[in-house]
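What follows are several structures.
Two complexes come next, and they have one chain in common, subunit A, joined by subunit B in the first and subunit C in the second.
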Partner chain A sequence: MRTLKFLLQKEFKQIFRNKALLPLIFVVPIVQLLILPLAADYEVKNINISIVDHDHSTFSRNLISKITSSGYFRLADYSNSFQSAFNQIESDKSDLILEIPQGFEKNLVRENEQKLFIAVNAINGVKAGLGGAYLNQIITAYNADIRLQWFQSDKFNTAPVITVASSNWFNPFMNYRFFMVPGILVVLVTMVGAYMCALNIVKEKEAGTIEQINVTPIKKYQFILGKLIPFWIIGMFVFSVGLFVVARLVYGIVPVGSLLLLYGYLSIYLIALLGLGLLISTFAETQQQAMSVAFFFIMIFMLMSGLFTSLDGMPQWAYIIAKCSPVTYFIEVVRMVVLKGSGFSDIKNHFVIMIGFAVLLNGLAIWNYKKTS
Partner chain B sequence: MKQFLTFVRKEFYHVFRDKKTLLMLFGLPIVQIVLFGFALTNEIKNSKIVICDYAKDEATQQIINKIEASQNFDIQKTLFSHRQIEEAFKAGNIKLAIIFPANFNNDLSHLHQAQVQIIADASDPNTANTLTNYATAIIMDYQQELMKNNVVPFRIVPEIRMLYNPELKGATNFVPGVMALVLMLVCVMMTSVSIVREKENGTMEVLLVSPFNPFLVIIAKAIPFLLLSIVNLSVILILSVTLLDMPINGSISLLFAESILLIITALSLGLLISNVAQSQQAAMLISLMGMLVPTMLFTGFMFPIENMPVPLQVICNIIPAKWYYTIVKSIMIKGLGFSAIWKETLVLFGMTVFLLVVSFKKFKTRLV
Partner chain C sequence: MADVELHNIVKTYNKGEVKAVNDVSFSVNEGELFGLIGADGAGKTSIFRILTTLLLPDSGNASVSGFDVIKDYKNIRSSVGYMPGKFSLYQDLSVEENLNFFASVFNTSVKENYDLIKDIYVQIEPFKDRRAGKLSGGMKQKLALCCALIHRPKVLFLDEPTTGVDTVSRKEFWEMLKRLKQQGITILVSTPYMDEATLCERIALIQNGKILSIDTPDEIVKQFPENLFAVKANDMSKLLNDLRKNNEIKTCNAFGEFHHITFQNDNENSHNELIHILQKANHQNIELKHITPSIEDCFIKLMN
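Showing the complex of A and B:
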């Protein structure tokens, strides 16, 4: 126990003396938490629309004003020819073309049916899908308005109507930051934990000081605990600062669920993560190797974790890979607890899996760590 | 000239001898194309939903069948009471709940009006929006079928055409971004690290005291990476055409010319970093933090630039990859010619000249 105390004292002294590492641990995550959610805003808004109006009637004008006042669309161009609108799409000045054909009003009244042409720049599939759907909604609503105005015998209408009432739970204002900030917090804790832990041990290898520790009577588990505990504390600290200072004060996110549950999961997650760092450090000989290996894994973990894209849309093999990464589970848990207020019984499977990761990764690392080189 | 070729050969030996780095150089683009092309899709399909059906009649069954047939939805279970909905949301990955009130069919056929409620888990707002739209569309579709015999007055029928990417694939958006990312990664990081390594090992000193022009030493260093990048680029293009069915609508030679321009920009940036950095680790950190992360964030292929706050949009403009991304999209997907992208090319060219001038100015023939 006494040995461990001295080891911990040594580690903390080393960490606080390293003036290059300190800002990396404390300042960079906070700056990233401030910038990333601003940049990673996938909310689809401000869709630029070009309108080609061949009709110039009251109906077409009403429709246009309905579209521009909806808040989703910004009128980028209003012209008479499809070609000029298409040029706007080619030069990325607009995302969507709505073409109102000639005789729109007349045909609608006389023939009861009239087409509208919509062309969407679909290079970004999500934006195109949502943009098209929004425009469709507005046109449908406009259509219903016209029907009300012009068609009196609504009461005796024999056509069945299904009204769809939709509501959004857990995030009624549809604020995209609420979704991103908890996920980014997880990524930051992951980077700090895995990188720092891996680099720290490899540095001792490179400097040769690990040999000095190897020849002392310090036990294997004492050495590893001495390395894990400081970074475990730092990980907890970074998470708390992110959650209480940045997320609460800057973004106004207050966890709905129990904090105790969140921290309980965090502590197990950190143990698993530090085990990963430890494992990398036992394989790598130089800091450069440790860094590139850690970078490679964290990049894959991050991209596949469901942080930016949905897991459900993945093909089966990718889904299995995603399910083999601890980051995926922690992001799910953070979002569930912070946004939806899930309780222990909802995430008990996640707990079991994370404990499994912790045991497996640390076990491998300890097994692979040898006191003799 | 013969001297120069000898130097180039020396650099090639360096690159080919380092098997681990070479593996990373060629492995990374392939991994990224596979990840971005197949694993990461923005498409929303197989979303897990629950259904709470109080009516259990012919109409609701038909709607449920329609929902089940759609590949966007994956019905997880049928609930018996709306009280279970919150539980279901909290316990798992349920994204949407659809509730049919009692007497749905009765209301529909006799009162001509019935209600459906859709509740979405909006902790992910985009998915919630999209799924609500999909579900509404399915229900509306059912309603249209019922009305087949009735003439609906004043019907506006929007016809939607998806340009360039009718299947709404994610790859169309990602591949140009991956191209920019890989070229930046290979050129900036590898060049700077390889020059700084010579500094660290002290062999740079040897090269600089040789009768050979120091600038040619640097140019000889850049040539293997230029060629490697072109090979990488071809690999990415071949993979994306064969595996991902991506089109190359514009001229390939124009695409390569623009890519070489970006490669030169990146190489001069790598040169600049190698002038500043003293150790390999510093060079790597600067390249990673200073180039790679901004390239991922601010190019516009992962996150739409127009949604960012104004200061960040300004930052986006100084990222070379952002301009390249626009160029590649225009050539590959939209099939435009040079006249559409001369502005972007000019900006990229200006950046290259600026970086080259600065890095040659900062280049010292003495190390101390």
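Showing the complex of A and C:
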């Protein structure tokens, strides 16, 4: 116990003396939490649209003003030749073309039917999909407006219509940040934990100090605990700052569920994660190697843990990989507890799985640590 | 009684490709200052790492203070001091913090063993609040020695402690070792510098993982089988070439100011003849004198 106390003392002294590391641990995550959710927004705005109007009628002008006033679109070009609009797409000035045919108003009034042509630049899939969908919605609404104007007297619908009323639970205004901020917080804690832990141990290898430590009566478990505990505390601290300062004060996110439950899960998650850092450090000889390996894992964690994309939408193989990452479970738990207020019984399985990760990763790390020394 | 014992230790790297330590056996007596002398890559550090339980030998057995390096490694770790060749204390901790840290991990305090390190520590005490990484080379050396001594070890392992240290500090360092020896600490020191060999009580000359000779420095010098001569002239590089071409000369090596030579047939005649030949070859200010061999001469002799 006495030895462990001295090891911890030494570790904290070193961490707080490292002028380069300190801002990395405490400032960078907060800055990232302030910036990333603003950028990681699925709502696509400012889609550039080129409109080819062969009609130049009141109806076509109405439709155009509806589109441009929606806020999603920016009129990049208004012309009467498809070729000029297509040139706009080719030079990347425009994302969408809407072609209004000649006689749009005439045919709509006379024949009760008209066709519009939409061409989408699909290089950016998200922008293309959402842009097309928004445009369709606007046209449908426009269509409904016209019908309303014309068939005002019709009190009873001649054809049966199903109206769907939907309400958004747990996040009534579909505020994208409510969903993203907790997830990003998890990734930040993951980065701080895995990187710092791995790099710190490898640094001792690089400096040769681990040799000097090995010739002392310090036991392996004492050395490992002396490394894990400081970063466990730092992980807790970063998460708390993110949750209480940034998420609450800046984004107005107040966890619905129990904080005790959240922190209970966090503490196990950190043990699992530090085990990963430890495992990396047993393989790496230099900080550069450790950094590269940790970066590889962090990239997979970032992109495959259901942070940006839904797990259910992944192909089977990707889904399996995502399920092998501890980050996936913690993101789920944080979202469930913070947004939905899930209780222990809801995340029981998550607890079991995370304890499994903690045992597995730390076990592997200690086994490999023994083997190599 | 032998404090450090090695029996047929073998250590290979790269799956047997590189034989770092090849069947090495020797023993160091209690309270002895023992030197391991050899060039870079001779296997000195590997032997040290085996004895300090940082490396497992492929075969053979070794013991330190009666403890086996494999079975009783825990006992060894708490009773030996090790100073690696590379400075490996915490560079971001201060001098005092490093010392306190190593004292506390050995379950002791600086105060308890202060008398042992006092002579050395007073020299670095003015800088006790300075970070270890900011110390000069000689200061780092002294701090590392303090940290290795702080738990009053029975055996002290010093791996190339004077490599990269200036001449004055080297001299000081050896003075310190002599004082430590008086305290009854067994010291095993390795060095690539032959001139330091004479400062040890007994030395082992090591080359390519093999021990060439183990004895006191005097005894090793005595065992030099031939008479050794030093030759000097104005043009030393021409002299070296001429000597090496001469069939009468058995060995010839450049040694700073002089060339050291031995003769095939060592007698008065051949000496005079050599001077005659050299004079004929236009050498001026020729000087030939009989000298006692140094450890380096013995080492070169043993190597060939």
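To be clear about the criterion, the second predicted complex is superposed on the first by the 365 of 373 C-alpha atoms of A that agree within 3 Å, B and C clash if a C-alpha of one lies under 4 Å from a C-alpha of the other, contacts with A are read in each partner's own complex, and residues count from 1 in each chain.
In the analysis below, contacts are C-beta pairs under 8 Å (C-beta built on N, C-alpha and C of every residue); 3 or more make two chains touch, one makes a residue touch a chain.
The structure displayed is predicted, hence computed values, not measured ones.
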Practice problem: Specify the outcome, clash or fit, for subunit B and subunit C once both structures are aligned onto subunit A. | Solution: fit
Practice problem: Would you check which partner chain A:38 touches, where first means subunit B only, second means subunit C only, and both and neither mean what they say? | Solution: first
Self-check item: First, second, both or neither for A:312, with subunit B first and subunit C second
Solution: first
Practice problem: With both structures superposed, pick whichever of subunit B and subunit C touches the larger number of subunit A residues. | Solution: B
Exercise. May I ask you to decide whether A:262 touches subunit B, subunit C, both, or neither, giving the answer as first, second, both or neither?
Key: neither
Self-check item: Touching partner for A:215 - first (subunit B), second (subunit C), both, neither
Solution: second
Exercise. Go through the superposed model and pick first if A:2 touches only subunit B, second if only subunit C, both, or neither.
Key: second
Quiz item: Where does A:335 make contact in the superposed view: on subunit B (first), on subunit C (second), on both, or on neither?
Solution: first
Practice problem: Report for A:290: first if it touches subunit B alone, second if subunit C alone, otherwise both or neither. | Solution: neither
Quiz item: Between the C-alpha centres of subunit B and subunit C, what angle is subtended at subunit A's, in steps of 10°?
Solution: 80
Practice problem: Tell me which partner A:207 touches in the superposition: subunit B (first), subunit C (second), both or neither. | Solution: second
Quiz item: Between subunit B and subunit C, what is the tightest CA to CA spacing in Å in the combined model?
Solution: 16
Quiz item: So which bits of subunit A does subunit B touch that subunit C touches too?
Solution: none
Exercise. Spell out the residues on subunit B that touch subunit A in their complex, using ranges where they run on.
Key: 24, 31, 35-36, 38-48, 74, 86, 89-93, 95, 108-109, 112-130, 132-133, 135-136, 139-140, 142-143, 146-147, 150-166, 168-170, 172-173, 280-281, 284, 288, 297-298, 302-304, 306-309, 312, 326, 329-330, 333-334, 336, 340
Self-check item: Footprint of subunit C on subunit A - complex, ascending
Solution: 2-3, 6-7, 10, 13-14, 17-18, 207-209, 211-218
Self-check item: Complex interface listing, subunit A residues touching subunit B
Solution: 35-36, 38-46, 89-92, 108-109, 112-130, 132-133, 135-137, 139, 142-143, 146-147, 150-151, 157-172, 174-176, 178-179, 287-288, 291-292, 295-296, 300, 303-304, 308-315, 318, 321-322, 332, 335-336, 339-343, 345-346
Quiz prompt | subunit C to subunit A touching residues, read off their complex | solution = 52-54, 74, 77-78, 80, 82, 84, 86-93, 97, 101-102, 104-107, 147
